[in-house]
Amino acid sequence: MRIAVCPGSFDPVTNGHLDIITRASKTFDKVIVVVSRNSSKNYMFTIEERMEMLKVSCAGLDNVEVDCFTGLLIDYMTLKNAHVIIKGLRAVSDFEYEMQMALMNRKLNQDVETVFMMTNSKYSYLSSSIVKEVAKNGGCIKGLVPDLVGEELLKRFNIGG
Amino acid sequence: MRIAVCPGSFDPVTNGHLDIITRASKTFDKVIVVVSRNSSKNYMFTIEERMEMLKVSCAGLDNVEVDCFTGLLIDYMTLKNAHVIIKGLRAVSDFEYEMQMALMNRKLNQDVETVFMMTNSKYSYLSSSIVKEVAKNGGCIKGLVPDLVGEELLKRFNIGG
Amino acid sequence: MRIAVCPGSFDPVTNGHLDIITRASKTFDKVIVVVSRNSSKNYMFTIEERMEMLKVSCAGLDNVEVDCFTGLLIDYMTLKNAHVIIKGLRAVSDFEYEMQMALMNRKLNQDVETVFMMTNSKYSYLSSSIVKEVAKNGGCIKGLVPDLVGEELLKRFNIGG
Amino acid sequence: MRIAVCPGSFDPVTNGHLDIITRASKTFDKVIVVVSRNSSKNYMFTIEERMEMLKVSCAGLDNVEVDCFTGLLIDYMTLKNAHVIIKGLRAVSDFEYEMQMALMNRKLNQDVETVFMMTNSKYSYLSSSIVKEVAKNGGCIKGLVPDLVGEELLKRFNIGG
Amino acid sequence: MRIAVCPGSFDPVTNGHLDIITRASKTFDKVIVVVSRNSSKNYMFTIEERMEMLKVSCAGLDNVEVDCFTGLLIDYMTLKNAHVIIKGLRAVSDFEYEMQMALMNRKLNQDVETVFMMTNSKYSYLSSSIVKEVAKNGGCIKGLVPDLVGEELLKRFNIGG
Amino acid sequence: MRIAVCPGSFDPVTNGHLDIITRASKTFDKVIVVVSRNSSKNYMFTIEERMEMLKVSCAGLDNVEVDCFTGLLIDYMTLKNAHVIIKGLRAVSDFEYEMQMALMNRKLNQDVETVFMMTNSKYSYLSSSIVKEVAKNGGCIKGLVPDLVGEELLKRFNIGG
């Protein structure tokens, strides 16, 4: 079975993320979407909230699981017997950073391959941070995130209620 | 009347910004230079100081106004009946970020168009942050910022007096 | 009156070109779409055919004219009293080439400004040459070019009749 | 079974191509390497020679086949019941062109997904044309192409014998 | 004597840095590796520790010195009678930032020239921060940093003892 | 003695080329500007004419020689005991192509190092081909090429006499 892992911070998951996860689910036998516990960045949502939003959003995709990990992605993959990392590409700057990460991961484990998939061009401008910025300022985020996520964002910013 | 809006943080305005503002003022009937109140970044100058420096620097351009806004740029534009956002381009990394912002703004309001204008190549290396870095270390910033701004920067760093 | 010139080879015009022309027509008082007579490249359509396809495709845009020119674009603009060149941007490689051309045109005439507008992201992959390649091999080009252009392409490749 | 198609002109196959083909063969159940018959470019080797060199070079990879096609890649894929296109990435310019092709192919057939894999960084400078240029001028191409290909190139340039 | 200066934060020095320093030492008569005292960033190692690791790592290169500076690099260079700044390039994003710095330094002192040298492609993914991230999570960093630096990193993260 | 080689087609030499050659002449003990005899491209000027224009243009630079070569640059450099290749950088697309060439040359000869120098930003849009295009269409090329070259270009296009 071909298992692919789709890592990210998903703070929160956007329709661009879901687009890539859906494409991955058609291309590999099983896809594990994983949220990293490591980062020292400040997140809006806790890791549990982010996983919950992912689970609800991916409910219709039978071969997709949601999980989280601590430590190195490469170690998590060995544990899960997964050999493919999925990364979505939007732009050149994405590409360079992801290439650096992919080469490092290859150095750490030669059996792991990173494959890049392309977001639908209608999501090419989408990122979790731009969605949060728009929501914070009262802009309409319909169509940019799953409905559930939209509601959570509005609650955080005390809008719409 | 064709009204264009030129947004930025202008902390402080540089000769590169003025170059773009001047080009915009020749290309559109009216240009509003706006400083955003939103950002959570730390600025060296208050919003009032930044607006004041912009006003003095743009004094010779009859069809240019200076203003500030809170919330979404797209809402400010509706208020002002403006349909064009002006962004200056220096480099590829500028371009990608600005493209993302422009696509998001287009999603939020289809009637707003972002147009990109090119800085004079002699300012291609200029940014507010590099100017502050140079001034802080006692480097000569003549020709990089309006004289008034140069004096303000020297005061902040207790230089030259 | 703000006159903008939108130059290109348009061999043939695509929906990506029309997207930019439409945006330009809303942003400036008058837009002249011009086909260059200079190039030594081999074209599929004659300059008259290319102009005719443009005219039919732009028929609904009242402030858009179609023309052609010989020599330097900058000289044509002086003749027409136009001060703005419109270029559509899709990708980074576009950007660099267009930046080079814009700087050269600025050197040749300081009063001419190049402004860049962004294609709808759904056309980000579109170019005249890729459309011709697809049509030549019998692929469906519906939605990529105006209907009239689609029919002309099929005739050239002896398809569909 | 997950079938991936790896298209190219392979004039001739290099060790960079083989690196990507090998990675693809580990990531998918079956890989078909296909040489296009369409292009109007001038090639050094005939399509039969290019296929022969690929076959010998891929002999050790059990799940890799070599084939050629006429027309659209997307039609070939339907015929073979393949849903994945593999493209190797070396640099930013690769990336933009391939992204354009991938979006066009997705438009032509929504069920086909392009996945990008990264060349070993030691081959990041390698291309068929640079290898031919070096060989033509008598430079050493050992390690850049399979031995068989190296011998064929030397024969063409009447070197070494 | 041609003196070149190789500035950086070196927190800590990696094998990618050493690769560039070694190439510089063969290309110029004398190379001074300098650590800046200015930055407001948080570093893992003190400036003394970073210099010490550089000194041990460069011990085999006779014409290389290690130093630090406060203020503007350009002023330090005048002091040392050095006219060449060496910067290593890995990727496009490096390139744009370094180009901006180089143009600013040229503006500050016309006699100073920045030259860019290319890292060995096997280090193209290497940076101090990615090495720290891997070490922190228990990944193997052998071959990425000098042995001494590897030991220091393990000590910091309480690993391996 | 540090000998640097500055290769190119120089068809014809522009002020951008001269800017790089001048900077190189200050950075290395001796600079050899070499025109390649290999290329299958069509040139406007013969190799002798291109060398002559270079010689006149570089007459004021004491440590600069002009030469031509056949075959591989790397072999020419061994012959001349030169270890440094100088390349001018203007833009990202330059950078990627040059990086590819530099890595190939390093593969062919480990003792040769390519160093990149940055053109004056006022020449960032300049290339031999754009100058020829402008001259052909009667545009003013003053300031873009040495006077001698300007006169030669006008003669070719039967202008100005």
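Couple of notes before you dig in:
Which chain is which? They are A, B, C, D, E and F, in the order written, and residues in each are numbered from 1.
FYI, contacts are C-beta pairs under 8 Å (C-beta built on N, C-alpha and C of every residue); 3 or more make two chains touch, one makes a residue touch a chain.
What you see is a predicted model; the values in this text were computed from it and never measured.
When the contact pairs of B-F are matched by residue number across A-C, A-D or A-B, over half of them reappear in A-C. Taking C-D and E-F together, the chain pair joined by more C-beta contacts is E-F. For the pair subunit D and subunit F, the distance between mean C-alpha positions equals 34 Å. With centres set at the average Cα position, the gap from subunit C to subunit E is 47 Å. Taking each chain's centre as the mean of its C-alpha atoms, subunit D lies 38 Å from subunit E. The set of subunit E residues touching two or more other chains comprises 92-93, 96, 99, 102-103, 121, 124-125. Here subunit D touches subunit A in the complex through residues 2, 23, 26-29, 83-84, 89, 92, 95-96, 99, 102-103, 106, 111, 113-118, 121, going by the rule given at the top.
In the complex of the two chains, the subunit E residues touching subunit B come out as 38, 71-72, 74-75, 92-93, 96, 99-104, 107-108.
On the side of subunit B, the complex with subunit F involves touching residues 92, 121-122, 124-125. Taken in their complex, subunit C has these residues touching subunit D: 91-93, 124-127, 130, 134, 137-140, 143-144.
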